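Shared between the two complexes below is chain A, which has chain B as its partner in the first and chain C in the second.
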Partner chain A sequence: MNMAATTSKPWAGLSNKIASETGVAGIVFMILALIPIFVPGYTTYILPQYMLFGLLAVSLAFLWGFVGILSFGQAAFFAIGAYAMGITMKTSMGINPAYVGLLVSFIIGGGIAAIVGYFLFSAGVRSTYFVLVTLALSIMTEQIAVSQSDITGGWNGMYMDRITLTFFDLGKMVLSDDMSSYYAIFILVIISYLALRYLLSVKFGKVLVGIRENEERMTALGYNVSLYKTSAFALSGAFASFAGALYGSHANFVSPSLGGILFSTEVVVWVAIGGRHSLLGALVGGIIVASISNYLSAWTPEYWQLLLGLIFITVIVFFKGGVAGAVKSLYGLWLERHKR
Partner chain B sequence: MEVAASVFVDATLITLVLALAAFGLAIIYGLIGVINMGHGALLTLGAYLTWAATSSGMPFLIAVVMASVGVGFVGLLLEHFLVRHFYDRPFDSLLLTWAFFLIMTEIIKIVFGTDFRNVANPLPGAIDFGAFSVPAYRGAVSLFSLALIGASAYVYFRTSLGIKIRALIQNREMASLLGLNISLTNKLVFVTGATIAGLAGSLLCPMLSIDPYIGNVYLVRSFFVVIVGGLGQLLGGTLIGSFVIGGAETLFSLAFKQTFAQTVVFLLAILILRFRPAGLLGTK
Partner chain C sequence: MTEILRTEGLGKRFSGLIANQNIDFSVDAGTVRCVIGPNGAGKTTFISMISGHHSASEGKIFYKGRDITHQSVIKRANVGIARKFQTPAVFEELTAYQNIELAVLGSQCLQADRHDRINEVLQLVRLTDQSAMQAQILSHGQRQWLEIGLLIAIEAELLLLDEPTAGMTVEESAATALLINMLVREHNLTAIIIEHDIQFIKDLKAPVTVLHLGQVLCEGSFDDVAANKEVREVYLGTDEGRSL
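Moving on to the complex of A and B:
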């Protein structure tokens, strides 16, 4: 808000916040690295899916928390990535289809987001309308997946194999067993998280936060705001799609509902609860809320969704920063007390 | 010729039915600026309450009245406990009404289950006009929709309540300084919008099979009706928007599958939004 008066301060504050996140991130990733060793079996099979949901949440937090654009269509990109992966894996080619599939899904997700984003942002469409368009994007993705059943398998969904990672002449890593799939996805999630965090720490990210705080001022300062917003949305779509591609191959399956309005909503709820201003908060929020959802859905699906809705309201009304925000301010209080 | 006539009649009926579905949303969005993401859930609730009332033996018209009042009451609770605290924060009210949608959908699933429900058509048969025929019930609902919009136009332009609401849109602070009870007017508008949403759900339900998610697609369609028609263009905008969205869907359904036609219509709406961000009738 007061960026003109103290030009460097809010940005310095931001990088401080990011620095304090590193320690927590280390602990979280350490725990995730150890889980398969101590709790093998089903957990090792299911947790990578939640990590990918977490990455999906991170892609939304990047957009919502740092640029101030809310997308109700993240699940659409997730599903698009999964379908792109499945279709690519079916075509035979000289090089490893897994890499082609991951690249294709990244580019398609990013490309669609770039087109939609540029189209709307360059016209200065207001942010609430953007929410509705992305909501429509979700519905459209689901409907296309259902209606183009020759390609997508319609309601029955599409099956695909686990991918194989090849390292040139050094050998290959078949991900058909859960343990290796777990660590491959684990590493890719960490890399994606670090990549997005890096983007936020350089000038690009600072301009994005500037746009969130005061769009008119950034325009007046000569920044091409719609280009920045488009790039941010494209990156967000690309990572969501990438997560979807990995999800499809890990779960061996993608169905139209993965792109639908309900799943899109869930992503928004995860990020709101985890904390939209923190990529790590979103990641952990995605993993934990999705795990609890899965656990409780088997037991009492309706009441759990009801509770989730109530938690969502509570977060919006009272804790806008989500759990990550609450933890941060508690930590700040603790620091202040110990300084005195 | 006969095909043309029946397409025209179809398009007119769809326009008016869609206008009815979108009108509650248009009222709330256009008059008090709240993006009511719970609109779809209110429609669904109206449909289920109608089903509950008719299946317990009540006549259809009484069921419709009860359902509308019931949904209006839910709207009152929503406004009183959540929405009214967020009139100056439209983005938060969007999220909150979306949360309401989630909660309402779950409550509907808990109370009514997820099976398909059907309400018997109270006016079966069709009226034959020679060149074309009109399904009696659909025709009646369309006429009602027209009458409702006409009545709202009367209230809006010819009564003192209408003047108060227009004053509220023009200048909130000044209206409040001049002694207009803003919070009461807001509440009245919101509850009216919710009641009309319930009424729409109730009147639509004999034409479709009811499941907890019927509101979803109507939510997005209704928004496109409102946005395409033009924000604040309550009456003409709703009709034009419905005509574009509903009419286009009728035309595209001739060429494509129904689900695909819907996708094409959404694309069309996004195109219009891009080139006329204030809507077809809007002035910026």
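Moving on to the complex of A and C:
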């Protein structure tokens, strides 16, 4: 390695990685853009749900991979978003309820996470106990969804319509057919992914990584660590909730189990398999593992969870950084070899 | 010269155990002060109270004339008090450059000047060639310098250095003494240094405060302190005692 080159461009290694992630992201989004054309029908209906699961996974990777905070409460925010959407859609108002619903879900998800995060992080709660509280958050969400049946429909769940996107006077896009819903969700998922990636590339994101690496050092440098952690948790909750709102309207339905522990655990599995240090890894992990789960559960209803568990253990044992981490280090090895 | 830090009757008890007691201490801006004392003398506790990592059980701490006794670590860091820990606390998986960048991001440095500022600090702490290396693969001495670099990068005014030469070779120690004296002279910083390495303290040519059993035993130039009968008794039979 040329020393002068590395000192003048200290981020060279990292920008290579980012460039490669952007390249892979381009390919992934290209494939997702083409799928409805080549594989229409059921795929166009089901894949947007998996893309939203992917966004849910991204919201967790942002928190777990970059701040080092594991949450078993992501599904709770997902369900909160879906319910918020359903309830907003039922109330008639002057402006397009779709926009209000999306905004409300984003704010409520972020707000609840901010309140929970504020009390836990400013009290200096350790990560292990934080995980337990997020578990409780999932249980509470599911229980409230069941018990408040007047509003939520209880065990029967809540039905809602597909949203309609309006563009001022320029026209509108009714998402009742699967194709337009697919592309609307596709674009919103890309925007959310890029927004979170942008946040990680600026000061905010660098400070979060510093907190992951050495929290005490960051405090001693004068950073308000609990404020940063609270903000990160709030953002993560907001995007999880936003994904849930889109999910509810696309699937036309939300039920209490969407906020439960079982689903929360699945989100953690997606991210662990996909790779928590990469938002793209988590996105693809969410989409693919959720698809595989669906396929496996149809093929072998008794053993699919066992198979999924085996995949999970295999990935974790052999690649700690998940598939994305493995791909990155293989790519790094390949680069090294080609330099020589 | 103006006083930057003063403690009055500072004390710390850990449920019955007296770690520090009745410490009256004062440092002028732009000077170096060494704090020495045998193991268990309460040196780290004393530094921890100044940095805010421990709360004082009694007494007061004044920084630039302002009472900071009850302020948090974050607040003290933001007014310019920065601490280097006994075991280097750096960001292990980040490169030297990224380490310094995190500190520069917390300073007043403008975005356009950041890159230059980071390289300037790396040069000061002699890590220019290591800038793309992860902190965890640097030598112990280099990690100590990296941590000192963090303190410089956030534009701290009072450096609290807890054993900055631990794990360093003789040459590295001597270079560290030069670095600290240069920083103090040219960047108008103040440094309070805890050390066991007597040669390093001699190299610093700075006034010394001796702590013993949590209290100030004596203060003065290194030669005065080394000649003090009580100090020699305290250090009797230890390695430091032989090199006094």
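As a convention for this text, the second predicted complex is superposed on the first by the 322 of 340 C-alpha atoms of A that agree within 3 Å, B and C clash if a C-alpha of one lies under 4 Å from a C-alpha of the other, contacts with A are read in each partner's own complex, and residues count from 1 in each chain.
Going forward, contacts are C-beta pairs under 8 Å (C-beta built on N, C-alpha and C of every residue); 3 or more make two chains touch, one makes a residue touch a chain.
Computed from a prediction, not measured in an experiment: that's the story for all the values here.
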Compare chain B and chain C by how many residues of chain A each one touches, and report the one with more. B
Counting only touches as set out at the top, which of chain B and chain C does A:G332 meet: first, second, both, neither? neither
After lining up the shared chain so the two structures overlap, which partner does A:V207 touch, if you call chain B first and chain C second: first, second, both or neither? second
One more residue to check, A:G26. First (chain B), second (chain C), both or neither? neither
Mind working out whether A:P40 is in touch with chain B, chain C, both or neither, as first, second, both or neither? neither
First (chain B), second (chain C), both or neither: which does A:Y303 touch? first
Under the stated touch criterion, which partner chain does A:S147 make contact with: chain B (first), chain C (second), both, or neither? first
Identify the partner contact of A:N224: answer first if only chain B is touched, second if only chain C is, both if each is, neither if none is. second
Within their complex, chain A touches chain B through residues 70, 116, 119-120, 123-129, 131-133, 135-136, 139-140, 143-144, 146-147, 261, 265, 268-269, 272, 302-303, 305-306, 308-310, 312-313, 316-317
Chain A partner, complex, touching residues on chain C are 51, 53, 73-74, 77-78, 82-83, 85, 89-95, 97-98, 101-103, 105-106, 128-129, 131-132, 150, 154
Chain A partner contacts - residues on chain B that touch it in the complex: 35, 82, 85, 90-92, 94-96, 98-100, 102-103, 105-107, 109-110, 216-217, 220, 223-224, 227, 257, 259-260, 262-263, 266-267, 269-270, 273-275, 277
Contact set on chain A toward chain C in their complex: 3, 6-7, 10-13, 203, 206-207, 209-210, 213-214, 216-225
